[in-house]
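So that you can tell them apart, the chains are marked A, B, C and D in the order they are listed, and the count of residues begins at 1 in each.
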Amino acid sequence: MSILADLLMTLFERRYATDRNGDDRPLPELFHELLTSRGEVSGVQLARKILDRYASLDDAGRREVFEYLLVEMDIDVPAVQSALKAYAAAPGRGTYRQLGRAVEPGRQELARRLNQVPGATGELVRMREDLLRFSRENPMLGVVDLDFRHLFSSWFNRGFLVLRQISWSSPANILEKIIAYESVHAIQSWDDLRSRLQPADRRCFAFFHPVMPDEPLIFVEVALTRGVPDSIQDVLAESREIIEPTQANTAVFYSISNCQSGLAGVSFGNSLIKQVVADLSRELPGLATFVTLSPIPGLVKWLTDNDLVDDIHDSGRLAALAAGYLLHAKSDDGRPLDPVARFHLNNGAIVHRVHARGDLSEKGMSQSGGAMVNYLYDLGRLEDNHESYANLRQVVASREARDLAKSVRTIIEHSEEHAANG
Amino acid sequence: MSILADLLMTLFERRYATDRNGDDRPLPELFHELLTSRGEVSGVQLARKILDRYASLDDAGRREVFEYLLVEMDIDVPAVQSALKAYAAAPGRGTYRQLGRAVEPGRQELARRLNQVPGATGELVRMREDLLRFSRENPMLGVVDLDFRHLFSSWFNRGFLVLRQISWSSPANILEKIIAYESVHAIQSWDDLRSRLQPADRRCFAFFHPVMPDEPLIFVEVALTRGVPDSIQDVLAESREIIEPTQANTAVFYSISNCQSGLAGVSFGNSLIKQVVADLSRELPGLATFVTLSPIPGLVKWLTDNDLVDDIHDSGRLAALAAGYLLHAKSDDGRPLDPVARFHLNNGAIVHRVHARGDLSEKGMSQSGGAMVNYLYDLGRLEDNHESYANLRQVVASREARDLAKSVRTIIEHSEEHAANG
Amino acid sequence: MSILADLLMTLFERRYATDRNGDDRPLPELFHELLTSRGEVSGVQLARKILDRYASLDDAGRREVFEYLLVEMDIDVPAVQSALKAYAAAPGRGTYRQLGRAVEPGRQELARRLNQVPGATGELVRMREDLLRFSRENPMLGVVDLDFRHLFSSWFNRGFLVLRQISWSSPANILEKIIAYESVHAIQSWDDLRSRLQPADRRCFAFFHPVMPDEPLIFVEVALTRGVPDSIQDVLAESREIIEPTQANTAVFYSISNCQSGLAGVSFGNSLIKQVVADLSRELPGLATFVTLSPIPGLVKWLTDNDLVDDIHDSGRLAALAAGYLLHAKSDDGRPLDPVARFHLNNGAIVHRVHARGDLSEKGMSQSGGAMVNYLYDLGRLEDNHESYANLRQVVASREARDLAKSVRTIIEHSEEHAANG
Amino acid sequence: MSILADLLMTLFERRYATDRNGDDRPLPELFHELLTSRGEVSGVQLARKILDRYASLDDAGRREVFEYLLVEMDIDVPAVQSALKAYAAAPGRGTYRQLGRAVEPGRQELARRLNQVPGATGELVRMREDLLRFSRENPMLGVVDLDFRHLFSSWFNRGFLVLRQISWSSPANILEKIIAYESVHAIQSWDDLRSRLQPADRRCFAFFHPVMPDEPLIFVEVALTRGVPDSIQDVLAESREIIEPTQANTAVFYSISNCQSGLAGVSFGNSLIKQVVADLSRELPGLATFVTLSPIPGLVKWLTDNDLVDDIHDSGRLAALAAGYLLHAKSDDGRPLDPVARFHLNNGAIVHRVHARGDLSEKGMSQSGGAMVNYLYDLGRLEDNHESYANLRQVVASREARDLAKSVRTIIEHSEEHAANG
């Protein structure tokens, strides 16, 4: 690999030969200084300089940074081999420390040292956004990404996250991010936002990391209702009657959005829902049912693939097909085709009810012909459900959903055979 | 190792066969469940149970836990070898992920999952206190300790720490920890504490981690003075004249204490001092000099070892001997003998002044015959000083200190020869 | 007055004879119970009930409440006379206490006891909004209003107010009030609001009362600029260049809005501006000039009244006329005609510069033909300027403004004579 | 009075003729300037100067200040008379305003203007401490005091106070005030304080005013217990078993202390207890009984006065005598002799139980022979109890207390007759 590395280095050095602060050393040199003993003392200033330099780069320059990290700051395989041998021969603190140093690529320690700077954590998350983008073109960069993800899993450990309620009294700079990041049912305006936060029967919760206090990581919007709602139109209707929270018997999670694409693969959703269920149960003992009202994003595509898309306009039929899709349509690994289903089932929720006319928005119609689904979160059953799903690849569902799905099972099987033969 | 492991396991299971919550499975079984997919869902409860169980163990039981982690949750050397081979043969995301999993012992992921529980971080720090204690008897446990230290270095990264001023308006439950943890000049009472916090010319700063808001990690006590003080008696004198902060030209760091022995080896002191220097400079532009007033804990022992202890009662002579000790007495690795000197020199400070009658307390007299030293922190010179120290093993000192040391150099050399021959 | 009182009472009792809580006693009865010793014990509940009852009344009912307070809870003149006589005869604690009780109408103590309820202060402020409205039709209610105003002057004393910066990180429920209350240059949207709060060279400050933490009392919007701006268009231009606060030499108070009409006559504006000037001076020592950019709301009316309105389209001429108006147009009491001028001159500011094309908005054109004025706040001169204004009725102005005004003086005098003769 | 006034003025001016800031005008002149229109503009600086000048005076000087306020800033009786006549003749806003101005002595507005300064409220409270002290020697100063008290009743209105829990996490500068102000059962040390705040079954609550955030106004210490305790020794015993708050059925208010002698006569105790009862009821639904454990400070004196003090060593007899004293010993106005009894009975509490060996401390023995009493707070009965007490002078008591008291009634009556005849 060294020829490539040399080549990269040359390009790299040439392009970024100067610096506004008069420090015109190339980034790789700064990386290495930060990793030395000297870097321990001058750390914060140096790390700040590296982060600024990175921020000033265009995409080509940033790609080169990651390529440098990939090639030049990888583990040294022979060194690991010999450290491993030494440890196997004489296990002990000394040999284990050597092994630990050998198996961790320099780029991990580099990221930790960059993180000394106040505010750096958010910048590193945004660096990984770039990295994930570049990895799509250059899959080898996925190697570097694993190191970032490893670090982030440690830094964004559940124990470090803070659950905060988002309300109409929250700071505007946070609320504008809620508007921007809502990815399920778009928030049209500040008035729309207010209507989701201010009424007594609405709640919103988000996870934050203490060093990124203005950046929600993930948030969930909740409606407190009487009974399980059939459609998002009912939930969001301006004219709906607002109820007292103590009168509600159901909490509906009608939108869950991840905010930081740079934290992909570091999962918070499961923890967030369970924490919110636990907190709401304590605050409002009248709540007996915790469900989502979720989109079925893959339905229309699957119906089309299976020549069933014409049935979409018949509500009864659509609900049955949607149930069938959720319960029986699987990918090669035996898991459900639908990504939202995979998320909630993996959390231990079950398929509860399917509604044909749940989301009549343009997006809803085009994705699922308007169908939506409630997943039910029963705290006492989550573990067992998850077990069935994770170990037996079983989609746990209510009797109602199973019956609905059954009615179209033969059609589905037929169309799948047809597709398989086609 | 497996016979030992089996043996341990048997003992372990027998001793802790029951549980108050009716879950009488042995701890190792709980560890493994927490690491499974099921553990992802039931994580928080299970982690809580494990932490409670650990807390209920006596020392023998806790030692067995760490021995279990050492033996049964170590890396699998052949698995690492084969993963390494696969990565070398075909570097890529898949092989790198396999390698990453193989090289990280299960106990690291176990600790991360335990850390899901609110408040767990502090409990894990206290677990490491136990571990460090056990490691003194069983050095093999140092292997497990390296994994804890690795995690803690990531979790307690400088970027996550918060600097807070400790004042007489701070919560009493934090102040009582300042009293407990002060390890240089003991705080005798709440009145004594007040006299170090409340006067306008006194400051105290500590680092905290956001998830341990009641637990200072390290703190420094500062006196704002006119001129560099000669002795701790002057600094702490009840009858001293209190000055306006704006009249001070010198900030004296007269006590630095680490609070968490479970964070040994995760260093904060360097960052703390530099941060406080930077903050005080901004707040009080009249401050021109930043020094410590530090003990010389190894002086009397060294004087005794070198047959020089009789000179201790002659102040002039003692100051010279102390300077000589700090500048010239080295351990085999070429670094200064004195541990406090090593800390400040490594931070880039220099030996500034030596005072024979700096600390007349019982402790001060017995450690150093009463001698103290000022280390000078000159922000603009820290990097270069550190460099000289780290790379050239050079003890940077003021001319005054060097001259003092010079006057006793021959005596020191003579006595060292004598000792070497003795 | 007792016949009227009886009549009122009858109407009053009939109309509000029932209560949702089953307590159907008429409001006056509740008032009197609250004022008894029993009311001291049951105070909070009873006060809450009265406030709720008031809130449920329509305008006719509320007017009757104030008429009741006017007639039935007034001072008892003969009782005051006799208490006064007793005090004059034998001044002492006992007679003074009796006098104090006699001279204070029951409605004042009633308001104080209503204020026991958490949140009542804001409700009482809103009650006075009603009262001020009713007073326009029934000037006798101005008597009751004096009691409210007296209380509010005590409760909203400067020493109890808190200055807070309003920023884009402020809670949305406060920001929406800024949008609603801005009365000088309307805020069109949340984006418009953001453009006045978020840029580094913009500030906004408001006074709050601790028991009304979500309700700004008065706020001022500030632009940090280089030089004194000529027009509000320049200040609010979307395309303007944002500068670093440290580069600014001028702070421009371009909008000051009172938020609570129920606090009319309890003045905060003077304190707010002086406090903000003091705070900004401390934070940004580069600021040398503190000016307003203010409307001249009475200009067009005055020009029309004086047959000068045709000159409005000649910019040079308009500036001169505006200066003349501000410096020389007086009401019968000898104070300037222009209400905004009265406010700033009374604060000790001076007329600094006049701009013909300062506000080209529809409102600006219709009020003042587009003219605006800078009032200059020079902290060191405020007292003397105020003195000249308050005692000598002198409008202090810059030479530039005086020269401008001089050029149209004869025209003004002529037109005033003309008007006087007309 | 004018000769006296002149005399005072002369003394006054001579003594305080100079000022550190070069402003050597006598205080009265500064008072008057603060009350002018000029004072509105220069208010904060001038008020600060006056407060500093006052603080620098010795007792003699301060006494003169209040004498000046008494004599020179009193109401003008003839002016009030004429304003009153005008108002009676033509009631309206104008005449009412004139009357309002006439009846309020200048010293009230002076105090309001002094209060503009941040932090002035606390200084004014301390000024009244002086005033109350001086009033003991010169009762005429009670006139000035009534004005202070009138203002403070408005400023420290219940609606402005904030209830805060005092815990071991409270700031040390507040906790040291709890130690200083505890006036019932002295707190011996910080350890003693911790034992009253930190255990799960102990609570402490205080009222604060927002502008005096470091100064508790009044606080109450609460023990959560099973059953009503017999003695303070049990409540404070170091060796007592700490219970879970949820296991408690009784909340015991065992100490209530006013902190600010400058707020004498502005009562908070009633509100504090009721608020704490309401808050604890909500937090801990298991609490069924709310009682005090109160001293009987006047018992021994009364027993002595009635020749009954020899019975003090017989516990059974002492309890009966204590009950008799509380229920039947009255002052001339028909209210109970005991001041603590008056406070709680006026709040609507009842005499619940009497304990002979309730407080064996030196203070307890000397005041009451060791007897203590529980007053019971039954929220639903407070109003009626208060009514009986306030209107009928009836001491409401439990059957147990009444029976105890009955057993000694004849003795009491006999001894009282004896005393009357003696």
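As a convention for this text, a residue touches a chain if its C-beta (ideal position, glycine included) is under 8 Å from a C-beta of that chain, and two chains touch if they have at least 3 such contacts.
Remember, predicted model here, so these are calculated numbers, not experimental data.
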| item | value |
| --- | --- |
| Common touching chains of chain D and chain C | none |
| Per Cα centroids, the chain farthest from chain A | D |
| Computed distance of Cα centres, chain D from chain A, in Å | 59 |
| Separation of mean Cα positions, chain C and chain A [Å, integer] | 51 |
| All chain pairs that touch each other | A-B, A-C, B-D, C-D |
| Residues of chain B defined as touching chain A within the complex | 37-38, 40-44, 74, 77, 80-81, 84, 87-88, 91-93, 96-97, 99-100, 103, 112, 115-121, 139-140, 142-143, 145-146, 150-151, 153-155, 157-160, 162, 210-211, 270-271, 274, 347-348, 382-383, 386-387, 390-391 |
| Residue ranges of chain C touching chain A (in the complex, touch as defined) | 168-173, 175-176, 190, 194, 198, 214 |
